[in-house]
């Protein structure tokens, strides 16, 4: 018997989109809940800085403006490596 | 000094001679025979040599010949096919170098493709070096997962944690996957040119996830023969994001919508970042174990990074390890650019479907943002919806750029990173679903 | 420019079409058939999907099911067992991150454990990515030896060369191994709960060597099923050295002994350092070939380092290579944290024996120092005896810290490094002996 | 805090106990039996232990014993043979460290050799760690090709592009290969001591190419048993280039010739450098597919470097990747220094032929330069001819040094780099020809 | 029948040397041609610098004279790495 | 027949401890001998510095005091790497 491929595809799509949304909606709620719990029971100790721009994001903005920072980072990375060799 | 060396060398020489005598007398000696070697005249040798040249192979395709893996090759594939593929690899070089199309993967893939179309060299055979890499890392799914670890170790999920509901944009953009799945099966059913199985159609549709390693991972399970075309299409379209997305984004949004400013993202604590990979992994375990190799690798890399106690491992993952694996993965995937695999009508279909997939995903993300704005007071700029397709971080940059075109003070970059990284998770989930269907 | 690309793409498209025609007519075509796919209704699909979720798997353990390696799993292991193991992995994360328990290995091991307890995903199967790592590096003993190479390349044997007799403290501390071997067999013989074979008891006892790679190496040969518990115990106790050792050290020494100042270490020439790895290796070859994989790897790394002519190799061994292998080894060892392997009474025995082993080794080292003081004019501070258990460099730091508690001017660190590195060699020798017994 | 840990640990303990009970009742239990273990008295144990020592093995060679790979070993090889090999490895250490003989490869090779001559340890067996490396990277030819990638990524072909006709010097120097091939077969035919097959003679002659990875690559295909001697000879003579070449160079040139100044090299554009690897690869594909694994790897590395868009990959190839592979390759090649492979008369022949090969290649390069000067107005300093043997960059440095002896203002270094890198390509072509003959 | 190994070797040598020379002579001509084409159709845009001494060549000349350059290079390499991580 | 495991274990312990001690005592004597030979026949040429604190030992002492040294080391390491690439 011939399979109606398009019909099957539609079913896959339905199952797939429902599950993707369910998964990510659930994730959104869990993350909200988690943020609440963490901020209630384990509030950041120090006056927390703004979101530290991570390396990957730094690269998103073309990093021309900050050569000095890069140099310091380079040296720090190295220092870390050396300090951690033991 | 020289005398000492000479003395030592003499002793060695003497011992070896003695050794060889000892062996002659004591050891079950294996008589070495001249291995089969047919004596030929100089003329015959040159004519035989000519038959081992690439020129001869291109000019004289043989009926019933096979490739290094023992698969049949048409006469066309042996001659013009290989030459066309070499030209296509050169085109990919051009795009990677001059046009900066994802060179990190396209260069190794295209070079692997070049090497895979060399007649007689057997580089993609199980004994050849690319074949060895393929067997070691693609059949076993190891390489795409190691890449994913490195991606995890490089990714900052902070923007998503600061505004989790943007994850829904990453969910909507997966419509690119499932919409193109319909497209692929429709092509199969209603044309005679294409004849994709459901498995193949599913593997192709993952291109819409805009995520190279995920595409390769799924293709290695559901449609290994199409992997070359799928990988090339996935990475090419990821590179083409700045060309494909803007017209769609503009068509679906009004000037006012594109000017929406979003509230600055809240601070995210280190503990939230630490729990995030574990949370996502636990959800995958409970809901979709089939996606856990991908999500597990991604969250493993991210967890090592955010733990802050194993910087040397995280650093190696982001550099030496991912670079080595990228080289190996590229060459191995390139072996699927062999003419007999790539120069088939299917490839055209894959390229066409891939384009549709990116468009659909982009549109779905934008529309989802507009829908969310209907139900929520805090407005989302729909331009960040397009970032839901993944293609980290190009898609987010495109959102930012389009936003700044309307209002140069409107920095959408960090806002767009939320759906962008959610898109990576969304694609892995979609991949898991398709894999679970065919389990 | 765009025109050129378009032109090229058109040519490609045309060739492919032609190619596909050529293939249709010329090639022994393999008719693609829709792979087996059962048509189901939407409802059936959702219910089928539900059966591939982790929740379903946890709630519905099956009689007679097997894990990804084909080994039988009890219903308990399939449900609660896996959940408990996931909780234990979280506990290990907590210890590694918040308490800094050897995070370099405990984090990858625990994450590997987490991934290994996912139902249905088959990550530890021979086709799964952790299974592939296990087969590539643990069955073949490659990974622990590569780690040992890196350790060798990082270790400075100078303090041992400056005062070789402190090696005897490293010898005495191996009583931790053999004493706990007795403990393990006694548990087997006199309780019904434990039933270790002599091979298993030997593998467990190596925990007392306070040396992770050695423990994994021996476990992979003598008791692969217990490797998860052995590795976790070994690394956990290595991390707990600052907690376990001080009370024992204090109980066995007087205030005066703890105040003994040792003569400053003599200079060690480069040539002595260069000959050291070769000397140790030659001794192993003549006396205990069974220990030469371990000692060979350790001395190879050290020899490259002290040779001074291959810094780039030594540097890679200490960084990229050991980091990559640590990630792989951790994940692979983690696969032995699967519920069906770990949640057995044996694990409790292993954890208990490991604690005893560390205590015995510590005590033996300290007592040995006191005995040596009886027979020698040059006194040894017995606090450095505890460093003989290895656990480089934590145990030496503990000696230093305890010494400074009595006399803040008394720096024992370099003196304690002698027995500390001798302990590494001593454990490898002990491992060789146990392996040679069962040869 | 401690209470919490205690609580958690108690829960774990409880669950495990329960688990073990659950297993006892629910699971198809596999009754653990004491593995075969013969009870022995203490005396017997010591005497048994003595039989597992290296001393015993050296003193008591056995008739009909085999090595870890199951190949027969003479009694001589088991006793004196191994000790002599260990001495030879120490000699290689001395040369590598004190005399700076190519330490990057000779140190790992010699250490591998040392480990391979340990009785009973089975390190080179298919289960031993060096055997695993051998099977993974030498049998499959992967390691020498990865080294070649790194070499490509480190090499600047600019000097060759600036003055392409110096490539002919690199062609002439390959006479070292084919001349010594004649030598090898002549030794076979006219002496009873040597009995090389044509395949073996070809593998040996590649030593004349002065290119370690190429030698290993060809030996792994044509004469794996001779690989140890071939690799050691190749790297030793590469290191001896400053000793072997100068007398030959002086004997064949006049004072005037050695003073020839060459025109400064023209600028080479980035595009020329970019096209170079592709051009060379295309030529190999058309003329000599058999050389494409080698040339493909070399040009791949170089292409990534000159592309300028994948610096992170090129950087990893030149550092982490090539270093890791160098360590593995060295150890694996060292396994062919096992006494039963190396202490045969053949080794003496290989060492003698290798010396001849270097001399012939050097002479041919110099003479070719003099011939070219006969037919061209723009004179070449024949001292750069010797650089055609490859051995990058030592041979070029030797040319430079000899030139400066005659005229301290005459910098030949960059001019000599042209034939030097052409020699690498020439050797790979020669290797391809020999491989194609025996195909 | 005994093979005359030396005669075979001579044939190998002839075939080998001819092919090696053919290959490299062909390469020389192709490179000349390529250089001409490139310099005609794609001339270097900027006033091109002298042949940039590449890393491998730098190491050929013992690099003592240029510590400062090395330091800058070190920092630049690092900056690159960091900039490219994204 | 049941094996008396504890008895076996005792034998293992005896064999093991004897061998470990023998091995390390032998090592001690060989190292002493070696030190004597080396210092007699190959005395260190220069006024030898104190035992150079190696990297692993550096990490043992928390390396906070010496940031400048680390920076120099970082740069030197890099310089080495670059110098050795050839």
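Labels A, B, C, D, E and F are assigned to the chains in the order they are written; within every chain, residues are numbered from 1.
Here is the rule we use: a residue touches a chain if its C-beta (ideal position, glycine included) is under 8 Å from a C-beta of that chain, and two chains touch if they have at least 3 such contacts.
Remember, it's a predicted structure, so these values are computed and weren't measured experimentally.
Asks: Steps needed, at minimum, to get from chain A to chain D via touching chains?
Replies: The fewest touching-chain steps linking chain A to chain D number 2.
Asks: Which other chains touch chain B while also touching chain D?
Replies: C, E
Asks: Tell me which of A-C and D-E has more C-beta pairs in contact.
Replies: Higher C-beta contact count between the two pairs: D-E.
Asks: Find the geometric centre of each of chain C and chain F from their Cα atoms only, then give the gap between the two centres in Å, rounded to an integer.
Replies: Computed from C-alpha means, the inter-chain centre distance equals 20 Å.
Asks: Can you compute the centre-to-centre distance for chain C and chain D, using the mean CA position of each chain? Integer Å is fine.
Replies: Taking the average C-alpha coordinate of chain C and of chain D, the gap between them is 32 Å.
Asks: Which whole number of Å gives the spacing of the CA centres of chain D and chain F?
Replies: The mean C-alpha positions of chain D and chain F differ by 30 Å.
Asks: Between chain B and chain F, what is the gap in Å from one C-alpha centre to the other?
Replies: 44
Asks: Using the touch rule from the top of the page, what residues of chain E touch 2 or more other chains?
Replies: 3-4, 8, 15, 19, 55-57, 59-60, 74-75, 77-78, 81, 84-86 - these are the residues of chain E that touch more than one other chain.
Asks: Could you say which residues in chain C touch two or more other chains, in rising order?
Replies: 34, 37, 45, 49, 154, 198, 287-288, 312, 315, 318-320, 393, 433, 437
Asks: Residues of chain C touching chain D in their complex?
Replies: 64, 72-77, 80-81, 84, 88, 91, 140-142, 145, 149, 193, 195, 197-199, 274, 278, 281-282, 284-290, 292-293, 296-297, 300, 303-304, 307-310, 312-313, 315-317, 320-321, 339, 343-348, 433, 436-439
Asks: Spell out the part of chain E that touches chain D in their complex, as residue ranges.
Replies: Touch residues, chain E against chain D: 3-6, 8-10, 12-13, 15-17, 19-28, 30-32, 34-35, 38-39, 42-44, 48-51, 54-57, 59-61, 77, 80-81, 84.
Asks: So in the complex, the part of chain B that touches chain E is made up of which residues?
Replies: Per the stated touch rule, the residues are 34, 37, 39-40, 42, 45-46, 49, 154, 318-319, 393.
Asks: Show me the residue ranges of chain A that touch chain C in the complex, using the header's touch definition.
Replies: For chain A paired with chain C, touching residues are 3-4, 8, 11, 14-15, 19, 81, 85-86.
Asks: Sort out for me which residues of chain D touch chain C in the complex.
Replies: Residues of chain D touching chain C: 8, 12-13, 15-20, 22-23, 26-28, 32-35, 37, 45, 49, 52-55, 57-58, 86, 90, 93, 96-97, 100, 103-104, 107-108, 111, 114-115, 118-121, 123, 127-129, 132-133, 319-320, 323-324, 326-327, 331.
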